[in-house]
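What follows is a set of structures for review.
Two complexes come next, and they have one chain in common, chain A, joined by chain B in the first and chain C in the second.
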Partner chain A sequence: MNPSLVLRLTWLLLKKDLRVAARSRETWVLVLLFAILCVLVFAFGFLREGGDGAEVVPGALWVTLQFSATVALMRLFSAEEEAGALTTVSRSVAGSAPLFFSKALMQLIFTGGVTLTVLPLVLVFFGATAMPIGPTLAALLLGLLGQAVVGTLVAGLMLRVRQRDVLLPLVLYPILAPTLIAGVKVTAISASGGDPEVIATWLRLMVVFDAVFVLACPWLYARASGP
Partner chain B sequence: MSGEVLLRAEGLAAAVDRRYVLLDLGLELRAGEVTAIAGENGAGKTTLLGLLAGERAPDRGTVRLAGVALAEADPAALASRIGVLGHRPGLYLELSAVENVVLFAALAGRPCTAAEALAHLQSVGLAAADAARPVRHYSRGMAQRAAIARLIASGATIWLLDEPSTGLDRQGCATLRALLRDAADQGRALCVVSHDPELLAAADRRLELRGGQLHDAGGA
Partner chain C sequence: MSAQAPRPIAPLLTLAAATLLIEAALYVIAARTPPDVTLGVVQKIFYFHVGTAFAMLLTMVTGALLSALDLVSPSDRIDAAARSCIEVGVAFGSMVLISGPLWARKSWGYYWTWEPRLTLTLLVVLLAIAVLLIRGLASDGATGRRIGAALAVLAAPASALIHLAVKLWGGNHPSVLQGGGIQSTEMRIAFWVSVAGLVLFAAALVQTRFRSLRLQQRTAALELDLSAIALRRAGRGQA
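On to the complex of A and B.
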């Protein structure tokens, strides 16, 4: 496989996805509204007069982002499905790798955009603006990267499966459990002013998770999307 | 290179819903030749095109591209040499026809400029103003014309077309027949699945898919 060709076609497909998203807007609007709604539900559900809102931040933040990311995943291949172009695009001169990488990057861009909206909302609503944000940002970056590559693989493989909207989270979350737990732990420990060494250990676990799946997922996708 | 076998299928068998629709089927697609395949609904024509394109694997038999089995062929060779026009136009609805042609040409390893894409689109009768509009606003016939332009721009030497005259008006059908003839005269091997009598009559070789096998139905 020619890496420069893979990169060039990945960029081409990513530009196409960004253009389609900018013109249709439906996924952006849908995911953002869903995320804001989740934050509001958590705020009304968990905030009590005199209670410590910061305790709820890890759960509210990560659950909101994971739910929103799952909604985005369900729409990730919708342009290809609508066009009936999945086979042609996954059989480019560089194989299926450009499609996989462009979709994973698109998912990362989507969830990154949602994070930029949701994180300040959560911190303000739950009165946690004084919380050290560095470790949480690192955990979010690693967690969303893992979610994007594993999610793209699972969403791509389920395109021909009936009831995939139900099955996708059922298959996805058990795989993501280690990185999700680590991410929530990082946010919880940093919110309570815990030991930086423990935070670093959880972050290392997330790095290992990402490294394994960033290498494995494109290969698995290529194997599974062939004839 | 007229007459050279570009794609060869041997002993193909394929089942759909546990029922064999193709049985011990053989076919050669030669450079410079238009092969038309007719057959009743459900005879297995689309399944056959999928096997020839390498989009699905046969239950038995092999399809060889320049002597290499498709299962072992380099993805670059498959994408650049085999062009498929399926049941659906296969175009991104939010992109214009020009953007689609440029994108798919690059994916097939034949990058082209917007001006070249426009020229391909105009050659199939799509006006410049229409070519710049999103495909979502096209009629079925316009989308089919854009899909044909996408196939031309791919530079593929083997064209596999499934009901290519779908949605086309009389003028569009005439343009399509002339275009297929030109493509064959330029050394391409074409396989057209169709029910359109005029399109079938314009082919060099006519076959009928019946009982899982291809039968000679005459030629020009």
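On to the complex of A and C.
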């Protein structure tokens, strides 16, 4: 398989997806609205008079992102699916790799955009604007990458499974548990001004997680998708 | 698809051996082992709890390995074996998740704690249930089988990472074997006999399920043959 061909096809597919997203707007507006409402639900559920809002920040942030990423995943392959183009695209000269990589990148861009909205919102709503944000940003980047890779694999495989909207999180959340735990930890520790050594340990765990899944998922997708 | 399904004698033999061992374990546990110095009689759940956990671990790991094999070189036999392992793994995982909290309530004072082994067991059982559900809900058998195998393979490194993550997260499971929780020879005998008995019991279940899955596969193949013959006859009638 020719690497430069894979890259070129990936870029073509990604450009197509970006153009569709820019023109139709509906999906990302809906996901963004969902994310904002999710933050509100957390605020209603967890904030009490006189309670410390900053304590809820890690959970509210990461769970909101996990939920909105799931909603985005459910629509990730919808354009190809509705046009009946899935088989054609995955049987390109470069195999299914371009489709996988373009979709994973698309999901990463998408959830990255949601994060840029949700993060300030959570900090403002929960009164935590003073907390150091650097480690959380690093953790978010790693967490979103892992989520995009594993999520694309699971969403891509589930296309021909009934009740997949319910099954998708059922499979995804246990596998993503390490990133969720690590991400919440990083945010919580950095918010309370904890040990940078400990934060580094958690970030390393996320790097291992990402490395394993970036290597495994494209292979599994190529093996298990198809006719 | 001419492979013969294994004779029912093998699972029966395994089951008989498992029954003997479990009976022997029950005798040793009830009549021979002393009550634990700190926990008293409650500690006796331990023999079954750890035995079922052993069986769950073995079946799940075997199931994941067989799924990987099935992805690399697909075969109906391996597929049936992988599936029966995962199904029995879920059954034993549920037993672990029921007997564990019962014991924990008495010895730790609470039913549940977010600790590596507990969290891992819960998530692995949930994942395995999801994998089995997907196989059933896929548009056709071959698709479900491939997806199920891929996810089972993905679940293996995920489990290692979950374990690592929760370990960093904090908490401690008693390490009975290393920590000297076994206080006498009778306890050690009771422990290993019940582990062996329960693992054999799991093996008997896997064998039985494997056999029934193989028979299903054969029936499906025969039905396919039959409809092919019927089609051919209908074609000849028309000509």
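The definition used in the following text is that the second predicted complex is superposed on the first by the 225 of 227 C-alpha atoms of A that agree within 3 Å, B and C clash if a C-alpha of one lies under 4 Å from a C-alpha of the other, contacts with A are read in each partner's own complex, and residues count from 1 in each chain.
Keep this in mind: a residue touches a chain if its C-beta (ideal position, glycine included) is under 8 Å from a C-beta of that chain, and two chains touch if they have at least 3 such contacts.
Not measured: the values here are computed from a predicted model.
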First, second, both or neither for A:L12, with chain B first and chain C second: first
Which superposed partner A:L167 touches (first chain B, second chain C, both, neither): second
First, second, both or neither for A:L145, with chain B first and chain C second: neither
Touched partner set for A:L65, first chain B, second chain C, both or neither: neither
Touched partner set for A:T88, first chain B, second chain C, both or neither: first
Touched partner set for A:V31, first chain B, second chain C, both or neither: neither
Which of chain B and chain C A:L123 touches, first, second, both or neither: neither
Residue contacts with chain A in the superposition, chain B compared against chain C: C
Of all residues in chain C, those that touch chain A in their complex: 71-72, 119, 123-124, 126-127, 129-131, 133-134, 137-140, 143-144, 146-147, 149-151, 153-155, 157-158, 161-162, 164-166, 168-169
Interfacial residue positions of chain A with respect to chain C in the complex: 150, 153-154, 157-158, 160-164, 167, 170-171, 174-175, 177-178, 181-182, 185, 201-202, 205, 208-209, 212-213, 216-217, 220-221, 223-226
In the complex with chain A, residue positions of chain B that touch it: 54-57, 70-71, 75-76, 78-80, 84, 86-95, 99, 103-104, 106-109, 134
Complex contacts: residues of chain A adjacent to chain B: 8-9, 12-13, 16, 19-20, 23-24, 79, 82-85, 87-89, 91-96, 98, 227
